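Both of the next two complexes hold chain A, though its partner changes from chain B to chain C.
Here is the complex of A and B:
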């Protein structure tokens, strides 16, 4: 029973963070139908930037966010403007292939700069634990979960209450109609992409304390994010957060109950099952 | 079979190219010969993938499963039960075929879209790698070492680099011929109809299930056989190389850069990039690990933005222009 509680706590906290990473991707998909297969590598890049800031100026990752957030936002805007915009509206497969190329480029660029050794970035929060009865969780995980929920709430506020948010939702619902109403569609798409990538800076900072990083990790994060977004029905916010929880729980239960790497199969297995029986996502009405 | 099939196969150029390639082991230094072998392996894999990914337009990211099955299962059966590797290769191919049929059936039964298909096949590939890593019978994380290659053909041993080269050349040629055969047979027309518009294809009576299963099974069996030969060639069966989803992405990348759905696209893509990558890795691998993958990524992005249909159609156009211009200038 203790083990189950421990797994549930761990899974929920991780899942919340996965949900936030996936929100960025879902937002981008909703506005410009881009499925970004290099999403995890941008997250990875964010983590390595934090590491560099620590190595050079001994900055705590939570402080580095101030610099990494605008850096990733700018990079996202550049990537969108020069690589992705020329092929928006083409076949989905072309976008998948282009972002796979981008993933190879980012991942191995990091490998060339930082080498293949796992790197750690210490933080003042790293070794703190939260103890609730029999359940022990690492403090950074709790912060990550709380911050993710906070970010999701903020995103909801921006989308429903601000002009930019309204134009984003307008483009999401019908880009042509939004253009006719005077929304600058291509500007909205650019901003959304930049913002979706910048959100990864937040995720990078939250996931970093106590986690060793390696250039190869990007692919795994991409797969987890894609699974979460698809489970959520691509651009349904509540669905994506729920998808994150499902994947996080499956991962925690798999690793705690099954010894060795075999336990890591569980999230993929659950994903395939859900995909087959609810292909439109967890919360969507089935067509 | 359309006459086009025999025109390409019967052309003296094709025979001459094969013959010239077959003499490589006789004079090429062993460093370059090994690069040539690796190139042929990827040419063969890209061609095998092209049947599903190019001709039928289904971006399958599950092909590391088939290559991995060919490599790990045949090697494990040899080392654990002493089963002859020819039989092992056959068994592994059967397993791959069964897996492929299952995946194609899922695709048909649950009407997966392009994105769902790519993701589900990727999830299968991730599961496959984890199964190999977690199961000692298949070598676990430490892999399997095969006995030394003494050149006994009956034991699936081909006697070092030259023998392996001819085996890979044969496999790549078989993959090329299968691609040509599929493209010029009714199956190829059905698959292209499915690729261009699945609903329209079904409406005019193309059997979706039968054709999808057929394409996937052909592609999987070829990939599995290449996997067994690859394992025998490198003698150390490394799950992180042979069962990893990264392998599939490399294959997809080569086929896309060369030109999806064409016969010569995958040949050109892998044929240009693998030697380039390997030579760069040989020169700079110590100081800049990952440089060759970095360059693959750059080339892929440039090709997608510049000539989205791949290098093969572009090269074809250039050759035709050259030929058309030749009489005037000459």
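Here is the complex of A and C:
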């Protein structure tokens, strides 16, 4: 029972961050119809940048966010402007190939620079624990959850109460009509992509303390994010957050009861199950 | 007010419009008639900047806007109410109207403009918080026109406003169009519905396979045998 409570706590907390990352990917997909297969690798890049900032300046990851956020935002904007925009409108497979290629580029680039050994980035938070009754959770995880929910809340506010947010939703729902209203559609698409990537800097900083990193981890995050977005019905805000919690829970419960790699199968299993019965997404109206 | 000079345009290398020229004076209500796929929507999309012109010039109040992008054209005051309405389905009526005023020029007077649009279309007030996708075709058309008004249109282009509407709503919509025209709005009406357009427009152009084949006052157009030919291929 204790183990289950532990798994639940951990899963929910982790799920919050998965949800936030997935919101970024979902936003990009909704606005530009791009499935970014390199999403997890940008997250990975963010983590490695934090590591380097620690190695060079002894900066704690939470502090590094100030530098990594704009760095990833700028990188995202450049990637969109020069790599992705030229082929938007072409066959979906071309875009998938591009982002997959980007994924390999990032992974191997990181491998070249940092080598294949797992690296640890110290943080003042990493060994702090939160103890509630019989449940022990690492403080960084609690912070990650709080920050992720906070970001999601902020994103929700921007999307529903500001003109920029309405423009983003408008482009998502009907890009042509949005253009006819005077929305600069390509600028919205660029900003959304850059923001989705910059959000990964936040996730990187939140997930980094206490986690050893290695260059190949990107794909794992990409797959988790993809599953979360699909569970959420691709563009349903609440659905994606809920999907994150589901995946986080499935992962935690799976690994607590079955150790090692086999435990990680549970999220995929749950994913397939849910897709069988609710193919349009957790909260979407079916049919 | 608006001048189109020798416009040629098309999709994916296939030309649809050939050397189209037309002229719209301030305060006029002009009809653009033609059968399906004659090039009416292509022309409107060129004017809106959503389709690039291959050659020719587009002038609005003396300003050459041929190369402008869609959002820049909106800032000039050229507003399209597209075929099929194209409302934002998951956004409420209120949000759709807000989006109408998203351009820099329209944002200043947006609240007042929305009030005006609601006065013109009281039905929209009833449905203010409903998602636009749940509205009927006629209500969506009202919303689409309302959106165009909030955008501060100096020149309004309506692409097939009667399409898919019940006869009762067609009447209502056209009454509203007439009223807007009487208040001084310059309007280009693209319609397959011949009689309705002839009844409201002072002048018309008839387009057939990408070329203007007939032009003149509504009375002249009505009796011209070429109009019938353009529509029915007889």
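In this section, the second predicted complex is superposed on the first by the 287 of 287 C-alpha atoms of A that agree within 3 Å, B and C clash if a C-alpha of one lies under 4 Å from a C-alpha of the other, contacts with A are read in each partner's own complex, and residues count from 1 in each chain.
Keep this in mind: contacts are C-beta pairs under 8 Å (C-beta built on N, C-alpha and C of every residue); 3 or more make two chains touch, one makes a residue touch a chain.
Bear in mind the structure is a predicted one, so any value in this text is a computation, not a measurement.
Q: Could you look at A:116 and tell me whether it touches chain B, chain C, both or neither (first, second, both, neither)?
A: So A:116 only meets chain B here.
Q: Once the structures are superposed on A, label A:35 by its partner contacts, choosing first (chain B), second (chain C), both or neither.
A: first
Q: First (chain B), second (chain C), both or neither: which does A:168 touch?
A: Once the two structures are laid over each other on A, A:168 reaches no partner at all.
Q: Check the residue A:205 against both partner chains and state whether it touches chain B (first), chain C (second), both, or neither.
A: Neither chain B nor chain C is touched by A:205.
Q: Could you say whether A:272 touches chain B, chain C, both of them, or neither, answering first, second, both or neither?
A: Touch partner of A:272: chain B, not chain C.
Q: First (chain B), second (chain C), both or neither: which does A:180 touch?
A: second
Q: Under the stated touch criterion, name the partner, chain B or chain C, that contacts more residues in chain A.
A: Counting contacted residues of chain A, the larger count belongs to B.
Q: In the superposed arrangement, what residues of chain A touch both chain B and chain C?
A: none
Q: Can you name the residues of chain C that touch chain A in the complex?
A: Residue positions touching the partner: 48-50, 69-71, 74-75, 79-80, 82, 86-91, 95, 98-100, 102-104, 106-107, 147, 151.
Q: Which residues of chain A touch chain B in their complex?
A: On the chain A side, the touching residues are 35, 83, 86-87, 90, 92-94, 96-98, 100-109, 111-112, 115-116, 215, 219, 223, 226-227, 230, 260-262, 264-265, 268-269, 271-272, 275-276, 279.
Q: Could you list, by residue number, the parts of chain B that touch chain A in their complex?
A: 57, 59, 106, 110-112, 114-116, 118-120, 122-124, 126-127, 130-131, 133-135, 141, 245-246, 249, 252-253, 256, 288-291, 293-294, 296-301, 304-305, 308
Q: Sort out for me which residues of chain A touch chain C in the complex.
A: Chain A reaches chain C through residues 163, 166-167, 169-170, 173-174, 176-185.
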